[in-house]
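One structure below.
Think of it as A, B, C and D in the order they're written, each chain with its own count starting at 1.
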Amino acid sequence: MSNEAPAFPPEVEEAIATVRADVARLHGELVRYGLVVWTGGNVSGRVPGADLFVIKPSGVSYDDLTPENMILCDLDGTPIPGTPGSDRSPSSDTAAHAYVYRHMPEVGGVVHTHSTFAVAWAARGEEIPCVITAMADEFGGPIPVGPFAIIGDDSIGRGIVETLTGHRSRAVLMQNHGPFTIGTDAKDAVKAAVMVEDVARAVHYAREAGPLVPIPQEAIDRLFDRYQNVYGQSTDARR
Amino acid sequence: MSNEAPAFPPEVEEAIATVRADVARLHGELVRYGLVVWTGGNVSGRVPGADLFVIKPSGVSYDDLTPENMILCDLDGTPIPGTPGSDRSPSSDTAAHAYVYRHMPEVGGVVHTHSTFAVAWAARGEEIPCVITAMADEFGGPIPVGPFAIIGDDSIGRGIVETLTGHRSRAVLMQNHGPFTIGTDAKDAVKAAVMVEDVARAVHYAREAGPLVPIPQEAIDRLFDRYQNVYGQSTDARR
Amino acid sequence: MSNEAPAFPPEVEEAIATVRADVARLHGELVRYGLVVWTGGNVSGRVPGADLFVIKPSGVSYDDLTPENMILCDLDGTPIPGTPGSDRSPSSDTAAHAYVYRHMPEVGGVVHTHSTFAVAWAARGEEIPCVITAMADEFGGPIPVGPFAIIGDDSIGRGIVETLTGHRSRAVLMQNHGPFTIGTDAKDAVKAAVMVEDVARAVHYAREAGPLVPIPQEAIDRLFDRYQNVYGQSTDARR
Amino acid sequence: MSNEAPAFPPEVEEAIATVRADVARLHGELVRYGLVVWTGGNVSGRVPGADLFVIKPSGVSYDDLTPENMILCDLDGTPIPGTPGSDRSPSSDTAAHAYVYRHMPEVGGVVHTHSTFAVAWAARGEEIPCVITAMADEFGGPIPVGPFAIIGDDSIGRGIVETLTGHRSRAVLMQNHGPFTIGTDAKDAVKAAVMVEDVARAVHYAREAGPLVPIPQEAIDRLFDRYQNVYGQSTDARR
């Protein structure tokens, strides 16, 4: 019977529970940092050791998100029948998340928002130049722009993967749309979503008031390298 | 005696109670999203199955709004004597809300704010161009400008109705004044008020930094169509 | 003994207690609307029926303001010895508040902030043009600029009084400094402080994106007249 | 054994406890005023009467900071083994803080943030002109720009010290990086961090809309002198 929940091995069940809790909680960070309004925006997290990921339901208020109403999907973005939350529709961006998980095995988390300043750059189809050291640390250079693509097929997911594959940046500004970010897990992708809006805003204000001072490429490289390898507590790099 | 509350059928009484609670609570969303200051802004909701709507009292602090002090009005905007709250004056924008309910039977909610960026476009009498996909989703094109009209007669209500009738947008920027939004119910109109400020802000910042990339009309049409029909949980479309 | 509290008539004691509570509480509105940082900004209220006013102590955190540490002053701005709070220094802007109370007997409240957008107009010495109806309602026209004046004598108070006497606006932008607002009582002056920042911000954004549409003077006059006389609950006009 | 905590005299232990509590709590002010996102930003405080200072751990959430996980360091920035928190890495900016404490004995607190508007000026390498009286009060003139310097050696600390030594300003905008502030203690440095963002924002908006009115140097001098000597309660100057 297709509506009976599959029996996952205990370690997978445990991983699912952890990711459900993380993904539900991490949506609160989008609210805290003002990256989303109403029900916009979504966070997903891959279940380690399984071809599964967890994502937010579509059109549900941020106040009402719980581990239990998060939706467990396979890597095609189809909810797993019989699991908690599977009676609701997953986020309308689920296909894009799924595409990323299928094509970027190193990615453990994906986030999408319509945060104001990132959207502003996206509406001009303009990459964000790397003129502040925090951006060099976090993204290793400019934030790139992805193609115009609309919902309904694989084109958003494909645009994300094509833009970010081999790129230092964990964030892409999909043209006329907004930022998608990836990370080693959901928390890392949320951090990238927070940081991309922060730098989008600072560089916006910087540039509208006069010419920017570039950072030498060699300094960008050194900052990026150090931050990826040294920053933070050793067990929790880059968080 | 004109001060005795009319006896409504039980199902209308129940509907009134629901709308009172919704309208009181939904004002909190205007505060949450920073759309209002002091006592500015107002939400109303039509009572399904009756020629009545519920609106906020005039000049009362957002902290003090309760279902009981919301004001029940007929479709001329006159408070129903003897009902809770009818000893206070309704919002000074009540005539405009009433005009909309009389002339747009499909409208179940109306919201007015002076949110910053929507007001900024209104002060230039300039429509907001549709350059972000979230705007295509939600409004199906540009946010139009309505005529300059001042309080005191039907001219604001007429301006709203004339601008929005037959228009995809649920929001109008009344020139030199601010946004009015409509919806299937109060919640839907509040969502439109939140979204119109969100896009007014993002497009403002986008455009001040350089040329915008237009979205092809055909893509706007597809996005609007999909969002109106598919997005969200099936029982609660577009929320 | 100068440190013994004077014996006020009971009705004055009662009025003092009310104003202390109002002034302490109203500082919270400055925080709520983001008009102040750290210990900047101050609210004062005249004690009805006495030559006294109540003001915030200097350099005390907003978290720590209570009715008891508000400072009761005479109309020269001197703390009344022996009254609660009189062991602390009053706000460094006390002389300006006192000057206003001495020279504008109709004023019952004074507020000063360094709110961002009002300060921005003040740093250019530029009045805010009246291009939004909320501004016509509240201020009846443009927000005027007062002279450059620095702390240490009567020049700030004099600049406020000279600018606002006979002016519709309850707000003045002191050049290179920031807004001072007046009102019938402390709450009314706080409302003016909230509204002046709100319109300073909206008109700033409006104008930086293109030409503003003026509002005809006759419409401004009608809006101002209506708002002063009709808006709000009859017992609490203009709140 | 290097992992055994040294035995400090009781008065130093008491001072350490006070500074741990202050530094942990003061990070909350960075959050309150929106100066930081995620784990960015850091506050440190010198331990009076000892060659020690207390700083935040690296990459730990603001929600999780407590007096016990603050890290006690010597003036080379090395955590004191065996003391609470010493099992974690101190802030990645610790070397810069330590350099300041070694070379500016009058400094009791150091703060670093990536606050938006201060970063925007820093990305242009442009000092903030002193056109508002609050800036004259607090900083006595323009906020200077320090050299471009990247993490990994003494160059950030040296840039701060060289720029601020003999300067009235307690804040420096390190080029392409962001603000560092100093103070008599951690609280005073946090206040400077709050104020530098406040003036960076106001002057940004002021200037983008038209020419600024300069403040005469003589007035700046009088304001700075008064504020340093008179403002606030006598036991707690400049807070």
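Annotations
Note that a contact is a pair of C-beta atoms (placed from the backbone, for glycine too) under 8 Å apart; a residue touches a chain by one contact, two chains touch by 3 or more.
Quantities reported herein were computed from a predicted structural model and do not represent experimental measurements.
In this assembly, C is the chain whose CA centroid lies farthest from the centroid of chain A. Note: centroid distance chain A to chain C, computed from Cα atoms, is 46 Å. Centre-to-centre separation between chain B and chain C, using Cα means, comes to 32 Å.
Multi-chain contact residues of chain D, defined as those touching 2 or more other chains: 207-208.
Pairwise, the chains that make contact are A-B, A-D, B-C, C-D. Interface residues of chain A, counted against chain B in their complex, comprise 37-40, 57-60, 88-89, 92, 114, 116-117, 119-126, 148, 150-152, 175-178, 204, 207-208. On the side of chain D, the complex with chain C involves touching residues 33, 131-134, 191, 194-195, 198, 201-203, 205-213, 215, 219, 222-223, 226, 230-234, 236-239.
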